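Next come two complexes built around subunit A: one with subunit B, the other with subunit C.
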Partner chain A sequence: MFAAPRKLSLADWGERHLQLQQAGRREPFYGGPLRRHVELEKDFRLEQLQFDNSPAALRLWNFFLTENSRLHQARTAGDKIVGTMKDLGTVPVMAYALPGVRAFYPDGAWWTPCLMECSDKLLQQAAAMGVDASFCPVRAMLPAFENGEHFPKPELIICSTGAVCDDFSAIAQRLEHRGHPVFWWEIPRRRAPAVGETSCELPGKLLAPRSQVEAVRAELQRVADALGQLAGKSLGDSALTDGIRAANHIRQILADLRQAVYSAPAAPLPALEMLIAEMLAIHFCSDRPEAGLVLGELLAEAQRRMQQNQFVLPPDAVRIFWVNPVADLRAMNLLEDVGGRLCGTDFMFSHALDLIPESLPPLEALARTALADPMVGPASDRAKRIIRECQTYDAEAVVISRIPGASHCAREGESIREMVRQELGIPVVEMEIPPVCDAMLPTMTSRLEALVETARNKAKGLKPNSL
Partner chain B sequence: MNVFLTSPWIPAEWIRAHGLTSRPLWLEERLSNAPVALSAGVCAVAETTVRFAETHPADAVVFTSACDQMRRGYDEGKFRGQSRVFLFNLPATPTPAARQIYCDELRRLGRFLQEMGGAAPDTKSLWQEIRRAGEARRNLRAIAPSANARSLAEAVAAYHCDGTCSEISTCPSDDRISLALIGGAFPKSDWTLFKSVEQAGGRVTLNATKSGERSLCPEGVDAGDPFEALASGYFDHITDAFQRPNTRLYDWLKPRLPARGVRGLVLWHFTGCDLWRAEAQSLREAFGLPVLLLEAGEATGRSPRDQTRLQAFIEMLKAEG
Partner chain C sequence: MLCAGIDAGSRSIKAVLLDTDTGKILAAGVSDQGVEQERLATELFDKILFEAGLERAQISGVIATGYGRNAIRFADTTITEITCHARGVHQLAPETRTIIEIGGQDSKVISLENGGRVRDFAMNDRCAAGTGRFLEMVATRLNMNWSTLSELAHQSQKPALISNMCVVFAETEIIGLLAEGKPLADVVAGVQKAIATRVAALAGRSVASPVYFTGGVALQPGMARALEEVLACPVGVVSQPQFTGALGAAVLAGERAARNNL
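Presenting the complex of A and B:
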């Protein structure tokens, strides 16, 4: 069943899947050959991707690609569906603390145009609804809400607002204008406590004034009340504590996975699978227990490979830290094609990777976690964490991928780049990645090749970083 | 010292009560005339504000968190060592927690102003400022329906500078096409748009930009604790696109559009301003009126392209009868 690690095309995975079946591999209810996602869901992009060849990766991909159908099944089975938007990690912890409630991020529809290679026409439909290409690809969620061809229409939509991206906020408001009521909750822009001001420690080595934590706690109490009303059962401290514990269990597996993969002498798992695995942190891909199992198997695979000194990439691959999620999954393959490997990430939800404090009252703990969101604080805080993790994992270069139309990308990239260069002196490249990046591939390839070459030369002491 | 505000939802009365001079940065000539080199996706208003703060170190600039790019622009300024900049956390929701945030931020702004050399405000001077500004806003709002658009904009600008109500010339109703101008920052250098509208056979009867009536929404409360009165008078009347939900903006427009006989909406926005651009379709749907998007630029309102678009828009409205 276990084979030497390597990357497979979708076509290769057909044969590999047969081998696994013949070897007695038992798959979960959402399992099956990957090709069916192309045939049934029109996820044409899969044909352009390279996948890890492990059974654990197969399970990960099937789990990820069946989310919408699993949500529809859950709805049919009587579960309440909550669409939670923007906060990336906090509200789902609360929602899954209630029996019969599933939360997902409609924001995730931003990958639909990529997966379907725009054959879904979601972006064109969004433009017809008044949200054109000047906005982030997350605009795809707008028509997805209305046509019902992707995720089921949620019974409750919860969206954080305040210190959030303008484009997302505008799209969510447009959604409400189109008749989908939104429950808004305020997340203030995190600031450093003033001298003499009572402060609170947040996950991620951050501090915030007590007054801000209190404000967010009050807002999350409103969210808890709304969720409880939907579930017909109050969401009290006991349930929240259990929910936090369950979320932390998953976060811990993911932390172990990241530690194992990013600190390994060579990559035991590819970048693309790590991106998808990290994404499970934010809402457990709509099935909390299963998310833990999927990540657990992936971790076991990474550990097994490391014990056997087997890696998916050569040991001389340049260690690259990646900032922001990519609109086109293919970019993660490209990074490895040019001689790089992932050794750390900030996909905009580092607060969803940190353990939620279990020693505090649950809403307070969640408020502190929500405030630790890298996107609600200053770019310098985000850069500091990136620098710390670059140091931890010996990053040799940093890629900041820009999301087309995203308001935060307009300014923060420069600040992060400058701080990383000042502190670490490693090369940094910033590049925009559209939902289907084929037309940009030559440019992207050149930029990444230059980055890798610069990092290699720097390691050899040949010339200073100058990208 | 001048304290430049970037939003009409931060009370200038609070600045003046600290003995400092308040200035509306969105109306500043030096801001609007500054040449801007923009990289992809960067909003010109945010960029010029950042540069303004950089080149005017003797003045204080108060940014707000209402716009993502503004708050990130503030971060950039702090990163570069600017000390006379302040980021006011302006909540998007009307919840009790948001109200508390607003009040906390006003107090924090007060401490910043004192650090900048301002004096702690006493009750009497704060009441004086609140009453004076409240009366000016009431007078301006009363005359706005019959005012000449340019004259009203100038009076609103004067109000934002010193809290007073200046003379306004009125404009008798006529058969020109009535338009509402909607949007965020509308710098003085772009006010030639009023003339362009008139040359095309229309007139602006409702200015719902930051330079117009919409910025006069705060109510003066005349009793109780002055700080609470000031905070409530502003927080409860913020009327802007960034609010969630932004129903207050639509509720504010709803009676005014028919009352002014508005036939079309001109949505004025800057490149990179998602918050206002995204409202175009919602405005169309909510009021059933045609919307013309005009993008601010070096010569907007005067460029042949925009002049033609404006003319076509107004001609289309005329033809509709």
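Presenting the complex of A and C:
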């Protein structure tokens, strides 16, 4: 059943799936050959990706690509569906603390056109609704809410407001105006405590004034009340404590997976699968217990490969730290095609990877976690964490990808680049990756090749005439 | 040892034949880029070989660089233009710490460490506003020869403010400025300043001196002046700036061939 690690095309995965079936591999209810996602749901982009060949990766992809159908099944079974937007990792922990409630991430619908290329027309439909390409690809959620062809319409949509990006905010307001039930809660911009002001420690080695934590805690109490009302059951401390513990269980697996893969002498798993795995932290891909099992199997695969000294990439691949999620998944394959490997990430939701403090009252702990969101604080805080992790994982270069139209911080990339260069002296490249990057592929390839070349020469300590 | 570098850029192909023992350029040539990149590069390569009185068999190594480098199958290997420009400029001006390269469709800022190794680099994104394409558009619009733009810009008393960061919209803006009666010289100088500003933004907050300017656009003296004003530091122009990528490739081809012969 286990094979030497390598990357497969979608076509090759068909044969591999057959082999796994013949070898007696039992798949979960959402399992099956990957190609069906192209045939049934027109995810044409899958045909251009390279996938890890492990059964664990197959499970990960099938879990990821069946989210909408699993949500519909859950609705049919009577579960309440809650769309949680922008906070990326706090409200879902609360929602899953209630039995019969599932949280999902509608502004993650931009992933749909990423996978579906242009066949789905969500972005074009968004433009027809007045939200054009000057907005972030999260605009895909607007037509997805309207046409109901993707996720089921949620009973409740919970959106954070305040220190959130303009694009998201505008689109979420448009949704509310079109009659969708939005519950708003406010998150302030995180600031450093003033001299003499009582401060609180947040996950990720951050500090915030006590007053901000209290304000967010009060807001999250309102969220808890709204969720309780929806579920017909109060969301109290006991349920929240259990929910936090369950979320931390998954965060711990993910932390172990990141540690194993990013610190390994060579890459036991490819960058693309790591990106998808990390994304599960935000809302557990709509099934918390199953997300834990999927990640657990992936971790076991990484550990097995490391024990057997088997890697998916050569050991001389350049160690790259990647900042921000990509709008076209091919970029992660491309990184490896040009001789790089992932050795750390900051996909804008690092607070969803940190363990939620279990020694604090649950709402206090969640408030501190929400305030640790990299998007609600200054870019310098984010850069400091990136620098720490680059040091931990011995990064040789950094890629900062940008999503066209995303406006959460137009100058953030430059700030991070300057700080990383100053502190670490390693090359940093910024590049824009559009949702369908075909026209940009030569440029992207050239930049990544140049980055790998530069880092490789630097590591060898070569003089320019010794290439 | 005789080596060659081919720089298959987005607008033109450049080729250099180098005697690596003496560092002397034996021949260099440029041709327009086109769909059949390899044929065009082959013809150019053969042409400069002929000019130098050499044959292919006498060439110990060929390295291709530039966007079209992977199409040049007669090259022994490929190296990115970042490394090749750095190597080419280092060959001509070893003291260089920052390279500004403005080509037909892209621009780059390359930081070098002591000794010439690439420390870091930045490249423009998809917009052509910081590239030679902007100047080409202006030359076409003004019905002028590209190479005479600088002379005109030099006569400017007050460069026009070109506010648009997009070449397409800037063209409309330029038409508007001309319709208002803005002197031609001021418009051209304004375009040069807009390009320089765009490139300076790529460079970030700190630009280490000495700064050298290379790439086809460096052939316009006015551009170096515009860069000096925006960066507030002297900007040198290497000789034959359009060939630095190909020259760097030829130097690297020589080093590669020498290693292979060991």
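Worth a mention:
In the analysis below, the second predicted complex is superposed on the first by the 460 of 467 C-alpha atoms of A that agree within 3 Å, B and C clash if a C-alpha of one lies under 4 Å from a C-alpha of the other, contacts with A are read in each partner's own complex, and residues count from 1 in each chain.
Operating definition for what follows: a residue touches a chain if its C-beta (ideal position, glycine included) is under 8 Å from a C-beta of that chain, and two chains touch if they have at least 3 such contacts.
These figures come from a predicted structure and were not determined experimentally.
Using the contact criterion defined above for the overlaid structures, shared-chain residue A:405 touches subunit B, although it does not reach subunit C. When the two structures are aligned on the shared chain, A:129 is found in touch with subunit B, with no touch to subunit C.
When the two complexes are overlaid on their common chain A, residue A:440 makes contact with subunit C while staying clear of subunit B. By the touch criterion defined above, A:174 lies against subunit B but remains apart from subunit C after alignment on the C-alpha atoms of chain A.
When the two complexes are overlaid on their common chain A, residue A:457 makes contact with subunit C while staying clear of subunit B.
Of the two partner chains placed around the shared chain by superposition, subunit C is the only one that A:427 touches, whereas subunit B remains out of contact. Contacts of A:218 after superposition on the shared chain: subunit B is touched, whereas subunit C is not. The wider contact with subunit A, measured as residues touched, comes from B rather than the other of subunit B and subunit C. Shared interface residues of subunit A (contacting subunit B in one complex, subunit C in the other): 414, 418, 432. Residues of subunit A that touch subunit B in their complex: 129-131, 134-135, 159, 161-167, 169-174, 176-177, 182, 184-186, 188-189, 191, 194, 211-212, 214-216, 218-219, 222, 378-380, 402, 405-412, 414-415, 418-419, 432. Of all residues in subunit C, only 67, 79-83, 86-87, 90, 106, 115-123, 125-126, 204-205, 251-252, 255-256 touch subunit A in the complex they form.
Those residues of subunit A whose C-beta lies close enough to touch subunit C in the complex are 414, 417-418, 421, 425, 427-432, 440, 442-443, 446-447, 449-450, 453-454, 457-458, 462-467. For subunit B in complex with subunit A, the touching residues are 39-43, 46, 65, 67-69, 71-73, 75-76, 78-79, 87, 89, 91-93, 95-98, 100-101, 104, 108, 111, 242, 244-246, 272-275, 277-282, 284-286.
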